[in-house]
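Letters A, B, C and D name the chains as they come in the text, with residue numbers starting at 1 for each one.
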Amino acid sequence: MSGPGAGVVVGVDIGGTKVLAGAVAEDGTVVRTATRTTPGRRVVTQQVEDALVAAVLAAAEGEPLAGVGVAAAGFVDSAGERVMFAPHLPWQGQPLRDLLVARLGCPVGLDNDANCAARAEAHHGAARGAASALMITMGTGIGGAVLLDGRVVRGANGMAGEFGHMQVVPDGQACECGRRGCWEQYSSGNALVRSARGLMAEQPSVLLEMSGGRPEAVTGPMVTAAAEGGDLVARRAFTSIGDWLGVGVANLVAALDPEVVVIGGGVSAAGDRLLEPARAALRRTLVGAAHRRVPPLVAAELGPGAGMIGAARLVRDAQVLR
Amino acid sequence: MSGPGAGVVVGVDIGGTKVLAGAVAEDGTVVRTATRTTPGRRVVTQQVEDALVAAVLAAAEGEPLAGVGVAAAGFVDSAGERVMFAPHLPWQGQPLRDLLVARLGCPVGLDNDANCAARAEAHHGAARGAASALMITMGTGIGGAVLLDGRVVRGANGMAGEFGHMQVVPDGQACECGRRGCWEQYSSGNALVRSARGLMAEQPSVLLEMSGGRPEAVTGPMVTAAAEGGDLVARRAFTSIGDWLGVGVANLVAALDPEVVVIGGGVSAAGDRLLEPARAALRRTLVGAAHRRVPPLVAAELGPGAGMIGAARLVRDAQVLR
Amino acid sequence: MSGPGAGVVVGVDIGGTKVLAGAVAEDGTVVRTATRTTPGRRVVTQQVEDALVAAVLAAAEGEPLAGVGVAAAGFVDSAGERVMFAPHLPWQGQPLRDLLVARLGCPVGLDNDANCAARAEAHHGAARGAASALMITMGTGIGGAVLLDGRVVRGANGMAGEFGHMQVVPDGQACECGRRGCWEQYSSGNALVRSARGLMAEQPSVLLEMSGGRPEAVTGPMVTAAAEGGDLVARRAFTSIGDWLGVGVANLVAALDPEVVVIGGGVSAAGDRLLEPARAALRRTLVGAAHRRVPPLVAAELGPGAGMIGAARLVRDAQVLR
Amino acid sequence: MSGPGAGVVVGVDIGGTKVLAGAVAEDGTVVRTATRTTPGRRVVTQQVEDALVAAVLAAAEGEPLAGVGVAAAGFVDSAGERVMFAPHLPWQGQPLRDLLVARLGCPVGLDNDANCAARAEAHHGAARGAASALMITMGTGIGGAVLLDGRVVRGANGMAGEFGHMQVVPDGQACECGRRGCWEQYSSGNALVRSARGLMAEQPSVLLEMSGGRPEAVTGPMVTAAAEGGDLVARRAFTSIGDWLGVGVANLVAALDPEVVVIGGGVSAAGDRLLEPARAALRRTLVGAAHRRVPPLVAAELGPGAGMIGAARLVRDAQVLR
């Protein structure tokens, strides 16, 4: 993207409800963005591709396209050519990358959203300069990525980074995946809400009022708001998922010994309320903590645009852009 | 080692009791070996270095040294220059690699023994041809290594691959490391013996006779022998550690999605008695097993010489040998 | 109830949906029954009392009342005078027993339904002749009672027998009670359904068809029917809750060493499909099984009328009836 | 024991190392005591009986014997006639009670030591006046007794009160009994020491000095002394076993709903250091804590003489003494 005639690099993040596209500069700066609504899962794939292309063109604003990176909320094959399966998107193995190359007339890169977000943090965010990093994305569940030598480890099936379903409690909480004791049952947005509901049965909480007396109506944002207001139940819920965050991170650090651990995703907005108990648990649970530099556990820096920024990075790294 | 005047490449594996050195050909074939006794931990470091050098020269048998690789049973720093700490060796951070370069007059590579064994299996053994692999070494505890693009992941502190102390049971079995529920408390040579002792309290077993009526005198080799003879207690003990092996492997596969998983170390000699229950548990516990190729779980091929062979590989890969 | 003028003893079981009353002979035989619909929880208490009295009089069919026993689905105080709290009944501490004495003109006994069922099994059913027994009631959750010297242990708060909320898994499955790892999360009608749903994600099952492809629509009766038809998922679900039944029973037997353990409640209709894995787990988990007579684990004999029969027994035992 | 010619009632506690006999008044007051050394396990039973009789006669000091109660550290049959098995005593089912009746010429009662201690606390100590109580004895392991209507529940095999081997952690710490996750692996004198040893690996402690730098040489009394001196590792160890004490007590209270819970045995000497975390865990873990009076959790009052005092009580209660 250096030199005249280079054109613009656009990153797109396509989730279940929204397509977010942005023109992204070499240094990760987002120059301008455009959004479209995701048509859904039960439509023909072309409708989603149309929305994607529309968002890209809107973000490019007439500039020639030097490259487009796509971050998709689903399983992407290890070659980065197809979305194999996605809970909220219609693709099931169609050659999406080639199809977009044909429609957009420029190089296209494709990866899943957690990998793209990790790539963005590695180049422009909290893991900048680290030779190795672990990225944990906490939303309703847990996703993530492993970064080595600044590269994302994609795995033989493109399925590396499925941290949320590592078993941390034998015979533990039942998981939607059909197994028990998965990490994300103890540390995630859903776990935060479940923990708060359970604690409401034990001690008074403003959450009772906020939920109209119905614990089943409590939501994650309610717990976050209550914790900020000093509610003890909400704070205990954050401590619980933070502690489990640290326990799971310790297992991954024992295996991979990364330089830094970055926590992203919606739940990470809680900052130290989440991270402090996680750090304590990491120090407590990590093997050989006395004989090593325990990696810093830090919040992601790029916010909800990380997937888009990392998608742009993907296509830049994949070729010399001219 | 191509061309005249190249000389021989020697790999050395230095453990707590024995120094094993071997001249190793480019294709991993061991041409000849030599052993020395390890002087121990409470001696001056030079004594151990003398034994190491003596074994190397004996293995070289007068040929010029093109390079020497050293596999050490302890923590090696991430630069591969020093043994930082080892339970049975005297070094504590001395610049061992430089020292050996000066004494041997050739390039020297240094890494820990599990990494070297993994390197050997990756190039010449069970993980040959795989772009990524997970290596699990089952001895009295669990060690291992992560291989990506044919390279060992060494970690920011040189401590990657410490799988044995990943927590698999909250509040579980106490571990020598001071924590609870570490994986190696459920799947290792020690776990095999503990499991057999516990089961002896429940049902008849030839182990009672073999141990002179003292469960505390049961050893790993006794359990192996009893299992081969059809003893049900011994077989149940293998099933137990095999099942836990699969559970832990499933967690690592969820995180890293490797092409193949190789099980080495002394306990792996039990073969399918250990691996079959592990494969069943891996299929049962691995996330998305229906949507992926579950990696084959196979026995290591190179046996007790793997560390030595991999040490030789290390020094070959580190430079162009002439 | 022997001799002229004695009158009839009526037992009533008042649950959330139905009032079941019966004239019960000295030997536990049910002579005739009558039912009424329970008016619900949000009505004035008198409406429920009216329904109760109506059912009693219908069951008495004009005979004079020698005594009435009431089994209520809720917390009854330790003196047997009040229903303190019930999820589906309106009482909250009103002096129900005295009130019924005034309306019915005869002695009245009151206890919770699990205690009454236990009393019935102790006198006329599966625990007949045993000096001590443990009664486990498996419905959607787990309830139960401890019988010593043929008497029910009611507890200082009338709350003995709350077995379902003994913690069996630290950090385990979240429970409606706000805690984690309660026994009834692993062994109950609800646990059966949850287990089956989880297993459906792993292997084919007729339950997919029965539930119209929606695992969330699976019910307990569906699992029972599928298990009878040979479906492996349904059978594994029964094995799972049966195994956990035995583990929990072993804990109670270690504490109380009863002569016999009786399993009642709706789920117990599955018989040996539930009880065989429970017996195996009891033998495996019970301390000192080699040095004791392991108590037989048997199905209850009196079926859904047990509460009513035991309520009648309660009032007979409380006084000499003439 | 009222009226002329009554004679003295003697209680004897026979443990693995010492025989302790005492003349005990009706109100539980110990009038005088005598001790003998226990001859051991590998002697003929008569030697132990001789020591027992000698201690009784010394405690009686010439007064006629109105009755003798014996508390034995082992399994006593449900009829109270024989010691079936004891780790440190030679009896294996001999008719000990009849034999002592013949030698002593007075009524004799026999029960295990935990039951006798519970009986003493129920009549003269911390459970005085309670209709029901739970007694937990914490020594190297956990024993205990259930008291109902002031009577000890002995069980169908005389084995009630084996609380220490209730499973609290699936796949937990291996137990000497051959199973895993028994309660006494988490809350007992042995658990205290194990916990302290583990924590020493994490943070500085005076225990390192006290044990000559060898964690394996740490003992229970060392941990107690260190905790009193303010050592954080020792205090954390007490908090750990106290917390698990409360978790296990909550399970028993859910089942039995006793009026009071009494903690005795050597470890209970730590008082609130043990009991405060136990009370917190009991409140946190007990079902329906909001709807009941949570039973007070109190220290035993009678100290090491409790077994002897309760043995005397046993023989008083068994007959009208004249």
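In this text, contacts are C-beta pairs under 8 Å (C-beta built on N, C-alpha and C of every residue); 3 or more make two chains touch, one makes a residue touch a chain.
By chain, UniProt protein names: A, B, C, D = Glucokinase.
Everything numeric here is computed off the predicted structure, so don't read it as measured data.
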Pair exhibiting more inter-chain C-beta contacts, A-C or A-D: A-C
Longest centre-to-centre distance from chain C (Glucokinase), chain (CA-based): B
Roughly how many whole angstrom separate the Cα centroids of chain C (Glucokinase) and chain D (Glucokinase)? 35
Cα centre of chain A (Glucokinase) to Cα centre of chain C (Glucokinase), whole Å, reads 48
Separation of mean Cα positions, chain D (Glucokinase) and chain A (Glucokinase) [Å, integer]: 56
By residue number and range, which residues of chain B (Glucokinase) touch two or more other chains? 169-171, 177, 179, 202
Can you name the residues of chain A (Glucokinase) that touch chain C (Glucokinase) in the complex? 169, 171-175, 177-180, 186, 194, 197-202
Spell out the part of chain B (Glucokinase) that touches chain C (Glucokinase) in their complex, as residue ranges. 170-171, 202, 284
Could you please specify the touching residues of chain D (Glucokinase) with respect to chain C (Glucokinase) in the complex? 75, 84-85, 131-132, 146, 148, 153-170, 177, 179, 182, 247, 250-252, 254-259, 285, 287-288, 291-293, 295
